[in-house]
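Just below sit the structures, each encoded as structure tokens.
Look for chain A in each of the two complexes below; its partner is chain B in the first and chain C in the second.
On to the complex of A and B.
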């Protein structure tokens, strides 16, 4: 059974979707490099090549192992992030087309982002190294702070659309984006995207003060998978936010698929900008903030949305 | 063939360099960091992250052993260079890129290395107990704790996976029993005082006990010189360290740029306005105020204000922190907080080493 008015394309398109996701992720990394180059007083063009240079560097680098590393679990953790990001975009429509028009697409996305808990933790556990392990613990503490607000934030559009299918949520935004009348849920979701992709202000698990934390002992292709996985998660999160909060493919003039892409790129750029503007917040500061401030706020948002929906009949 | 060459060219465009500062060569380290920034390269955080090892100064025996161990942990392709004065950094980095681009030599290097990771040398040995040995004092890399998990009072019948004794347990501050690990911080660690080793006893992420020492440079070598303690450049260097550890890369880059501008004879007016901009940015950041532990946000602002005062000709006298006072400052803190507090402490390893206070 399909959940909505979207066209479900055949599985043969999966490689193209993967390439598209990695391209958007690379564009995000390039923009990040350009902003960083500006901050260092160099022309931005110098920084835009960072993803290419870093990829070449890591492809050429040997893999370094540590004593008594838990190799299988380490591989699951490092390789898993890209896979989870790909599984996330399965339910994200590009204009009218989607790979998997699940009736419970929103729950699917949520399930995938919970898998990130295990993956980052395993990436920290694997190398048998104190800094990486503490990084893994930090991610769990951080995940406790952001996960519940994230769940309630993506519940709001589902309640408003009366469906858990992403296609229905997009269709319900014709004329008015959900981000406009549920701004708190939108902002909380954007924060959660930064958090599950381990970006500032939520980058403590990979913090400089831990010598790179979960990244401390990874090298070569392992490191590339971790870095690319973080960028891909950020891109996938942005794409999902576009579908459930920013009207998906709705927009004038341009075709729907292009609107999806343009909005995703714009949101990703905004998230990169935020990440460069802010320092890292310690997880022990984050936990009380997440539960005492953000969680009540997002529940209130959900209440408002529910009242509006009931009021509309 | 063409593909491999192109990959190599792309791979050495942004080299990650692990910079090691030997006590007494602070100015050389700053010059190296400036060179990295100009070239669009980046400082590496760990040996696993690094393509190249750049040693600023002539290390003494123990520091040299630590540097050698770190060198063994670079994944490769790898290059190593030594530099003794600020003027030599550009040439040293040119050598690095030539060495990294030499595919044949890198292959030979890779083939000559053991495939399995090796156990490191022990760091935790207390010099008071066995001062006759040399190798035992050699320190190791902070990122690889695996060789440091030994607990002094452990039973030798315990299982030892890969030759590593299991960690012993101990009561943590919450009353839970947690594993006790011995993790040395330093001497090769970015944003960290030169040559400092903090022998930490860690439970979870809390540092329960510490002992600090400074690994000296080669006594026969003549140090090139540190930043003048209390000078505007020194203040900015410390601020850059704190900001980098706080995860605010762009503000740290601004502080490091300012430091380098202050070190080069140039336009003090431009420095003053850049310093004002940075101070305003730091003062306004509520996130930074919220996340920095203790009084560190105030300390950071004080550093920038002192830099401004020194620029206008009224330097603030500073009191250097004796090494023995470092342990009480950091004991009982979380690892990240320890790093921040050490970066903010008024330590000057070069001075300590010269006066003999840091030697153990």
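On to the complex of A and C.
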């Protein structure tokens, strides 16, 4: 089950990968808190501790129940986000090491981001609350806007590398990152990462106009899992973008695994900054934009990549 | 040995969640039970070495069930806990059809001689699938996909000539 130059490590490393993913996600959340504190004119140190304080608060908070909740489906939705983020990073290499060098790693990542559709909707359906349910429906409406551009965006690196294995895609970027000569695909993928982690401009499913949407009735550990799941998805998406667009572990001086981490942290920080700068866009306005503007653009990008690949022979 | 355990585990999950589709009393649970069943089948395809087909089955089925749940609840609108409903209808016909299909398929498995293996699987099965679909069958695939897409779009246009936010004087006045 190997298709490339990567070393597939044993499954015993899975817990370490999970800790690493959650650490990157926590760093992202801390950076977000620091940026928010600065924006409010407070020192950044006040904001950086917010994730820790929030974790302590939610772990001690007693769970509130809604009447006639569909508890099993709610649990799947809330607990699933972190699990899906972990399943995403299974195919993402850290330098030369990878947990699972699937021959179809890119399709695997795509399948996992589709599972987010189901999970966010279930998290909205479960509590039997109007706000949460509307949030769940909003997410699916947005999903129709971002999923096809996302699919074609990650098709471009696969076409350029001539392989669906993430390891081959990384190897094909030695010397020139794919983000450099397929910038549209890269930007569209970054937008999709914001979308499947429910961040502005795609944050309407958890919007304040809905009293928090899918988050509205969550409390205690359930709420923590939802929030942590969103950060973990953002971190996993950044890590995947680094592998398929930003050259993975390629880079001078530093060891490959450190390059993977540095690039992932940098991209995650950029996404946090972007999501702080952009307003939430109504899902019904995102749909025409996604289909009329973004989809043709990313298809043109794919055409350019295909022509270049054919031209190179 | 590991393959056997994985296969039987997935088979049990697929059948059990398939049964759950008809036993639960809410559209949401029935839809996602069906999704679990399909995911188990998709993962079982990985055991054949059909990585691409297996993962794509998971992708398509989860996506399809997520969308289908909307339609199911839209047409059967109800809260599962407040208003439980039966997931079966036309019981006699369905039972007869299901029983007959099972009998025919089971008889086929038991009575037909298994063919001898001819040839060997391709080295890269994903590439072979791609060649088959985009090579010899390309014309068919391109035609079918365009026709399917046109059907979906025209069905939606017929069902909903005016979108919720289109041509609404109140909306234009507000914006």
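Criterion: the second predicted complex is superposed on the first by the 313 of 313 C-alpha atoms of A that agree within 3 Å, B and C clash if a C-alpha of one lies under 4 Å from a C-alpha of the other, contacts with A are read in each partner's own complex, and residues count from 1 in each chain.
Following the convention adopted for this analysis, a contact is a pair of C-beta atoms (placed from the backbone, for glycine too) under 8 Å apart; a residue touches a chain by one contact, two chains touch by 3 or more.
All figures in this text were calculated on a predicted structure; none of them were measured in a lab.
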Partner chain in contact with A:164 - chain B first, chain C second, else both or neither: second
Which of chain B and chain C A:209 touches, first, second, both or neither: first
Chain B versus chain C as contact partner of A:68, first or second or both or neither: both
Chain touching more of chain A, residue-wise (chain B, chain C): B
Which superposed partner A:125 touches (first chain B, second chain C, both, neither): second
Partner chain(s) touched by A:284 [first = chain B, second = chain C, both, neither]: both
Chain B versus chain C as contact partner of A:115, first or second or both or neither: second
Contacts of A:140 with chain B and chain C, given as first, second, both or neither: second
First (chain B), second (chain C), both or neither touched by A:307: neither
Residues of chain A that lie at the interface with chain B and also at the interface with chain C: 68-69, 128, 137, 284
Contact set on chain A toward chain C in their complex: 68-70, 72-73, 76, 102-104, 107-108, 110-111, 114-115, 117-118, 121-122, 125, 128, 137, 140, 143, 147, 164, 284
Chain A-touching residues of chain B, taken from the complex the two chains share: 7-8, 10-16, 37-38, 40, 45-49, 51, 73-77, 110, 116-119, 142-147, 161-164, 181, 183, 189-191, 202, 204-205, 243-251, 253-254, 257, 285, 287-288, 290-291, 293, 334-336, 339-340
Chain A contact footprint on chain C (complex, rising order): 26, 28-29, 32, 35, 51-52, 55-56, 58-59, 62-63, 65-67, 69-70, 79-82, 124, 126, 164-165
Contact footprint of chain B on chain A as seen in their complex: 35-37, 39-42, 46-47, 49-50, 52-57, 59-69, 128-131, 134, 137-138, 200-201, 203-204, 207-212, 215-220, 223, 276-282, 284-285
